[in-house]
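Here's the structure we're looking at; comments come further down.
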Amino acid sequence: MIWSLPIGWAAFSAACASSLVATARFLFPNVLFEPPQAFKAGFPGEYNVGEVDTRWKDAFSVWIVRQPEGFYALIAVCTHLGCSPNWLAAEAKFKCPCHGSGFYASGINFEGPAPRPLERARIVLADDGQILVDKSTKFQFEKGEWTNPEAFLKI
Amino acid sequence: MVDALKGAINFLTAPEIFITLASVLFFLSMRYKAFWAPKVALALGILGAIFLAVSMLDHNFALIVKKPDNVPIVAMLFLVGFFVWLSMHQAHQNDERIARGEPPNEASNGENEKTWVWPDLVYTELLCMIIGMIVLVVWGLAFHAPIEEAANPARTPNPSKAPWYFLGLQEMLVYYDPWLAGVVFPSLIIVGLMAIPYIDMNPKGNGYYTFKERKVEITIFMFGFLIQWVLLVILGTFLRGPNWNFFGPYEYWDLHKLLALNNVNLSEYVWVKALGVGLPKNMFVREIPGILATLVYVVVLPGLLARTWLKKYFEKLGPWRYAVFVMLLLLQIALPIKMMLRWLFDLKYIVALPEIFFNI
Amino acid sequence: MATNATKPPEPFLTRTWDYITDTQIWKSIFRHGMPSTSRNRVLVVMTNVFLHLHPVKIRKSGVRLKFTWCMGGLTFFLFLVETFTGLLLMFYYRPTVAYAYMDIIDLAEQVPLGIMREIHRWGAHAMVITVWLHMFRVFMTGSYKPPREFNWNVGVILLVLTLLLSFTGYLLPWDQLAIWAITVGSNMARATPLLGYEGPGAQLLALGDVKMVHAGSDARFALLGGRFVGEGALLRFYVLHCVGIPLIAGILMAVHFWRVRKDGGISGPV
């Protein structure tokens, strides 16, 4: 009998805690209806060497950069607070309008508050020869992931 | 002549000069009560109105001030100015009365007595409500609520600003990483405000305006309110332009204004520039200077202050209250310190551990 | 008898007034006469649920505008204005990405007396200002000191709720101003220590290789209902703005006002 009170309160607390967890879990749905993260970005011949291509930025928030050896895809989301930077061709840098972070064409941050470089997306050739960019796989420089074969499309 | 004046004002509003000047002015006004004489206040108010009116002739200035969302900020500045004066003026009046041995205004001439809520209070309230409603309707007729282009998740407007009352936070985000400036500091502001009644052990000044009896409390609070909140709102609204660069109030918002913002971490200053060796491989060894500096600031400094400058408070508040008080105070000052370090030395991070998302 | 005869007849308005106040309906609502006598001034406050917020008598210094600035009262008034105009706006506004923006445009152009949104928005700005000034006044008069410490705390929470109300409302027009302010604001949640996937310590919360805290399970996701500011975020902010936060604020306001009374009424020197 001496234990009835502690047991009762323990059970009550456990029930409260578990319903709290269940309520929190309610905030995270199992299925998300968000736009597709992968898209086909045309044939490699459509890009000029040495240029940062902005044609997919409005639709998919991705820049495709063509270098002599191949392609990489930069995700146009500032690593500071998620604004989308602009490519300033004259100054050869990405500049974020929210807090002034600046990035080189490679994606490396060099000014402003951004704590780390821009992220790169998976970029491969699809079966039909088009470039396939998949934003659901991201490569971060500071984790050494840019050397991953899918972070850079060799031509 | 006009251009020279504009140039001078543009120069003075460079952030490091602007904030320094404003802080100096603030502490002077706390020190000398002549600042709060009605004549001085009236003169300052009129001067402010003239400055605003004349400046509206400038195209670049008018462009920013006339934005519908910025109108409340201008109104707010005058209101805050007026009410700060009103409170300080009454405080100094009461201080003089108390010095003469009289009770404060709020306790003399029968003010201690009670009066009827109906009609005395309810009619005052009704009048305030009516005036408030009239102001709102006129305001609503005069200015359309802003609506911009439809949302486009891929195109960030330049500059992109938070609602005006959060511009202080947005400014803070330039100097500290989001986990500090966006989460820890705002929480501490709330906790700090809530802690005030439990830290402030001064029994005087309850229920009447006074300055002399609570100099330190009022100075700390007003510094936070006026310099670290209102001034940062001004900075964010009127001086931050495209690419989040600083612009003088009369300066054209040039999208391509080039400013070198090449910020350097403390570790680089110490290892590369001072010692002339490369950055150590191990991230914790690399950041030892910054970690030490931070530990000195939050651990050693409170103890040191308890023996020196703040000895009086340590004895009065006891160890626990003192610890909370001094931590909040140090963290409050951490913002201006980092801002100055950034502006004067281009310092980026004191501790930079991007590998584990831990930067200070 | 003679005096009665010489008295002139009452004016028409007085007679009408007397007639109205003598009806059973009037008497059933108001249990006292005009508040011109002490007794009736007590009754008018005591028998009215709204006026009952106030005490019957109050210290003279507490009525002076010079002392109170009426900022707390104005804040409450603005809250009521926001509730009323907000309710009207809800008739025309649908919180979905497809409709939200056009509904706001229509509100200004197709609805008679189209300044409801103006009043709602400027009222929100004004409310932030009056809350600040109220807090400033309370600080400057030392009114947070014992016995009012707890009520100061309730007030601080109400200040935060006011800012949150304003912030959640900012997203609803679904224009460029809205989504970018909220994008920046909500990205801070991403950096919450432990709970945000880019916050310090989040990497420690992992079962082997499986991260517990990632973009789909962190504090920001709970706020937005998605990985970026989209349909889910609009709905969540709408619900918080119209129901969630006002409800909490309303309850806390009741506590706030109640405690003003219970902690000794408006502050004044002893």
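Lettered A, B and C in written order, each chain numbered from 1.
In the analysis below, contacts are C-beta pairs under 8 Å (C-beta built on N, C-alpha and C of every residue); 3 or more make two chains touch, one makes a residue touch a chain.
These numbers come from a predicted model, not from an experiment.
*Asks:* Find the most central chain, measuring centrality by the gap between its CA centroid and the centroid of all protein CA atoms shown.
*Replies:* Located nearest the centre of all protein C-alpha atoms is chain B.
*Asks:* Tell me which has more C-beta contacts between its two chains, B-C or A-B.
*Replies:* More contacting C-beta pairs are found at B-C.
*Asks:* Sort the other chains by how far their Cα centres are from that of chain A and give me the top one.
*Replies:* C
*Asks:* Where the centres are mean C-alpha positions, what is the separation of chain A from chain C, in Å?
*Replies:* Going by mean C-alpha positions, chain A sits 39 Å from chain C.
*Asks:* Using CA atom averages as chain centres, what separation in Å is found between chain B and chain C?
*Replies:* The answer is 25 Å.
*Asks:* Taking the mean of the CA coordinates per chain, how far is chain A from chain B in Å?
*Replies:* 35
*Asks:* Which positions in chain A touch two or more other chains at once?
*Replies:* Those would be 81, 83, 98.
*Asks:* Pull out every residue in chain B that's touching 2 or more other chains.
*Replies:* 152-153, 155-157, 160, 170, 173, 177-178, 182, 357
*Asks:* Listing for chain C: what residues touch at least two other chains?
*Replies:* 180, 184, 187-188, 190, 228, 230, in rising order.
*Asks:* Across the complex, what residues on chain B touch chain A?
*Replies:* Residue positions touching the partner: 152-160, 170, 173-175, 177-178, 182, 242-245, 256, 258, 260-263, 354-355, 357, 359.
*Asks:* Per the contact definition, I'd like the list of chain C residues that touch chain A in the complex.
*Replies:* Where chain C meets chain A, its residues are 180, 183-184, 187-188, 190, 216-217, 221-222, 225-228, 230-232.
*Asks:* Quick check on the complex: what are the chain A residues that touch chain C?
*Replies:* 24, 27-29, 32-34, 81-83, 98
*Asks:* Mind listing the chain A positions that touch chain B in their complex?
*Replies:* Touch list, chain A to chain B: 57-61, 76, 80-81, 83-86, 88, 90-91, 95-100, 102, 110-113, 115-116, 142.
*Asks:* Which stretch or stretches of chain B touch chain C in the complex?
*Replies:* Residues of chain B touching chain C: 69, 72, 75-76, 79-80, 83-84, 86-87, 90-91, 103-107, 110-122, 124-125, 128-129, 132-133, 135-137, 139-141, 143-153, 155-157, 160-166, 170, 173, 177-179, 181-184, 190, 193-194, 196-198, 200, 202-210, 214, 218, 221, 225, 356-358.
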